[in-house]
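Following this message is one structure expressed as structure tokens.
Letters A, B, C and D name the chains as they come in the text, with residue numbers starting at 1 for each one.
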Amino acid sequence: MTVAPEPAGRTAEHLDRGPLSRDELAAVVARDIPRGSFVNLGIGQPTMVADHLPADAGIVLHTENGMLGMGPAAEGDEIDHDLVNAGKIPVTELPGASYFHHADSFAMMRGGHLDVCVLGAFQVSERGDLANWHTGAPGAIPAVGGAMDLAIGAKNVFVMMTLFSRDGTPKLVPECTYPLTGPACVSRLYTDLAVFRIGPEGVTVLETYGTTVKELASRLDVALRTLGGW
Amino acid sequence: MTVAPEPAGRTAEHLDRGPLSRDELAAVVARDIPRGSFVNLGIGQPTMVADHLPADAGIVLHTENGMLGMGPAAEGDEIDHDLVNAGKIPVTELPGASYFHHADSFAMMRGGHLDVCVLGAFQVSERGDLANWHTGAPGAIPAVGGAMDLAIGAKNVFVMMTLFSRDGTPKLVPECTYPLTGPACVSRLYTDLAVFRIGPEGVTVLETYGTTVKELASRLDVALRTLGGW
Amino acid sequence: MTAVFGDADEAVAGIADGSTVLIGGFGMAGMPVQLIDALIRQGATDLTVVSNNAGNGDTGLAALLAAGRVRKVICSFPRQSDSWVFDGLYLAGKIELEVVPQGTLAERMRAAGAGIGAFYCPTGVGTPLAENKETRTIDGRDYVLEYPIKGDVALVGAHIGDRMGNLVYRKTARNFGPVMATAATLTIAQVGRVVETGELDPETVVTPCIYVDRILDLSEAEAAR
Amino acid sequence: MTAVFGDADEAVAGIADGSTVLIGGFGMAGMPVQLIDALIRQGATDLTVVSNNAGNGDTGLAALLAAGRVRKVICSFPRQSDSWVFDGLYLAGKIELEVVPQGTLAERMRAAGAGIGAFYCPTGVGTPLAENKETRTIDGRDYVLEYPIKGDVALVGAHIGDRMGNLVYRKTARNFGPVMATAATLTIAQVGRVVETGELDPETVVTPCIYVDRILDLSEAEAAR
């Protein structure tokens, strides 16, 4: 499976749109998920991507706790405590769903059968290293869940995050300072200010939102490439 | 699970019964399978043991090709080519049966969950080495099936065979000359002339049929122990 | 042969101090709450608990932790919004924690049940969770060597059982139950109800009876109150 | 997304020479006979076939062997009363054979599907089938290191499929199908009939649709004749 075509032939600077809201960001991620994909949206913010997937795209959602064909969050009478997603939130079942146990569910993940997973992150390095499970701070309780399994298992690992933390520190970095979830696993980085492709050739800016490549380059300690040769 | 009590406190020489027929031998094996056991009878001769298991003993038969709760051979209208045993013979399904795929079936075998398996053999050594899959003769086509999985997996490996080959050569030997199926795995050896326990202490004659321990000792190149101190 | 109980205390009788106890469930889905409550009453202590989480709120596994019965937790995700019992014990240095990636946790138990001695797993390579573990490159990819996790006891929540011990589950409450049932010396399942042998479709049994030693029939337990 | 075909030749289109082809079935139960016949017509050659047996009688896998398309067979039990096609080729030195214990064969394919790099297996230790393989003692027991078997293609026989590609099997015809479906780049299943998405009970699906690329609907193939 190849991921959707990249935006045009050159990096697009969208100066007419400010930094993306979480919901707008989720829509951009959704746009890039190919029709017919099998997708895991992890927990938290990435689950918002589901709301932007076209109903007719044939995209099937996997949840690590043993289900393919997961539907939207359950409401009211639909709530069934035996039917939850990876974040333990009650969800629904779509036609064509299936259930399986945890060893089978993670065999599916580890075995490279999922086309795309979307994860949050503390940091992503220019080599695609992912840090999203543990701050490493003294007293912090480590908890990994299925993050490492997704990081090494999905064919395409997309990350969704803000590009800078609240204090302005970049989260796209030369080298992660937080403990790694997986080395060289992120292929796409979706942020409020820009979308990046990460690969052996380095970090390529695909799109910017409310900013320019030049401005990003001045705020990041990472070499940025562009598409279309400028 | 412990295997059924051993016959009395001393080795029994049944001189009133000649060498056992295959069917009589199957009955002796069946006698020693504890109530409630999960049992695999392999293919061929050992499957005759099933005919001698009491219906009320709660013994559940496993077949390597993915079933627990196998019933007797199918006859007439019962024959269903999707329901066969390890020997590809049509069989039936008992209440409480379940089906599973091959990796799960052999996980059950390899994981030590079966109480007893009964196998045929070319040779068994005095240490309990089993040779039953390959003569090693030039031109012979090797075929192992599930024999090695059963040999290392079942809690108790029972072997059923004639004690001597047609030309009079012993099949209970100091050292197998045929290629091994599994080392030191056989715990009980059921033959037409005697039943043996095999363990770290050596080979112990539990019962003889139509012969004596003394006579067996003269025909076998294996040190024989007896029960009851004689 | 599987024994069916209507009384939770009888169902958990005999669990020894120092046991490794595998506890099913993902959050509350599939969590064998009645068996855990009975285990608390039963009194076994110095336990190692293997479960995906480390307890939610004040009931179930959290209550077992609060009772001081657990020496060590092996899990993938202890920290949750309502894991205050575990958090307090951990930060006070009163409980050991081994964090294992969720899929590796499941696979290590599968290995125990399937007689696999160890396996090379790609998950966690290059992270702190692979530190001090043996690694190997196979066909150009790096793997870490992982060993089985075997339980003395598994406590599992299922949907329906039959008298022989066959189990079916319901939706995502299936999760760890079928794997844990294969990985323990003594597997105890709580089920919503027990049906007669033959009532479950053999094609749909998820845990074959060979893996189930005891069943707690919650419908009977309820009726007995 | 899974494609449903009514024509066996379309269902097997594009299988390349030199492919490793996993073929389900145990004896004739679960054997994907129509797909194998189509593969013979399709013409791919120099194949490595992984299957429990090496063909029975003159049809199916035996016919593929007889057509000279198979370079090597990896199986647990080639020799049977009616395996004369394989026997003849093998004794004439015209086909390679790798004999693998049946459970190891299944587990090696599971490992391929589950992303496991290799595993320590107790089966075959101390026998000729472990010769020249790496061994290790773990907790006092000896194991042999076994590697995954990955297929380029899997041909699987199932009972019913839905339009999305979910599969259920029937009785012991399930055997290798679910494992092989996970272990191949391209999985092609033949089914007795295809039902609309949503008609299979999600609790009873054995092979989730993610593992199935193409389905041959035999009821449609039959109707088209």
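By our rule, contacts are C-beta pairs under 8 Å (C-beta built on N, C-alpha and C of every residue); 3 or more make two chains touch, one makes a residue touch a chain.
Model, not experiment: these values are computed from the prediction.
Trainee: What chains touch chain A and also chain D?
Mentor: Looking at chain D and chain A together, the chains touching each of them are C.
Trainee: On a CA-centroid basis, which chain has its centre farthest from chain B's?
Mentor: When every chain centre is compared against chain B, the largest gap points to A.
Trainee: So, what's the distance in Å between the C-alpha centres of chain C and chain A?
Mentor: About 30 Å separates the centre of chain A from that of chain C.
Trainee: Any idea how many Å lie between the Cα centroids of chain B and chain C?
Mentor: A distance of 35 Å separates the two centres.
Trainee: Taking each chain's centre as the mean position of its Cα atoms, how many Å separate chain A from chain B?
Mentor: Distance between chain centres: 56 Å.
Trainee: Could you tell me which residues belong to chain A and also touch two or more other chains?
Mentor: In chain A, residues 93, 99-100, 106-107, 109-110, 152-153 touch at least two other chains, as defined above.
Trainee: For chain C, jot down the residues that touch at least 2 other chains.
Mentor: Where chain C meets two or more other chains at a single residue, that happens at 107, 110, 114-116, 121-122, 169-171, 202-203.
Trainee: Looking at which chains touch, is this a line, ring, star, complete or other?
Mentor: Contact map by chain: other.
Trainee: Name the touching chain pairs, please: which are they?
Mentor: A-C, A-D, B-C, B-D, C-D
Trainee: Which chain C residues qualify as touching chain A in the complex?
Mentor: For this pair, the touching residues of chain C are 26-30, 52, 76-80, 86-87, 90-91, 97, 99-104, 106-107, 109-110, 121-129, 159, 169-179, 206.
Trainee: Considering the complex alone, what residue numbers of chain C touch chain B?
Mentor: 1, 110, 112-116, 162-164, 166, 182, 197-198, 200, 202-203, 205, 208-211
Trainee: Spell out the residues on chain C that touch chain D in their complex, using ranges where they run on.
Mentor: For chain C paired with chain D, touching residues are 107, 111, 114-122, 136, 138-139, 141, 143, 147, 168-171, 201-204.
Trainee: Touching residues of chain A toward chain D in the complex: what are they?
Mentor: 35-36, 38, 58, 60, 62, 68-69, 93, 95-100, 106-114, 152-153
Trainee: Can you check the complex and tell me which residues of chain B touch chain D?
Mentor: Counting only chain B, the residues touching chain D are 63-67, 80-85, 88, 93, 99-103, 105-107, 109-110, 134, 139, 141-149, 152-153, 179-183.
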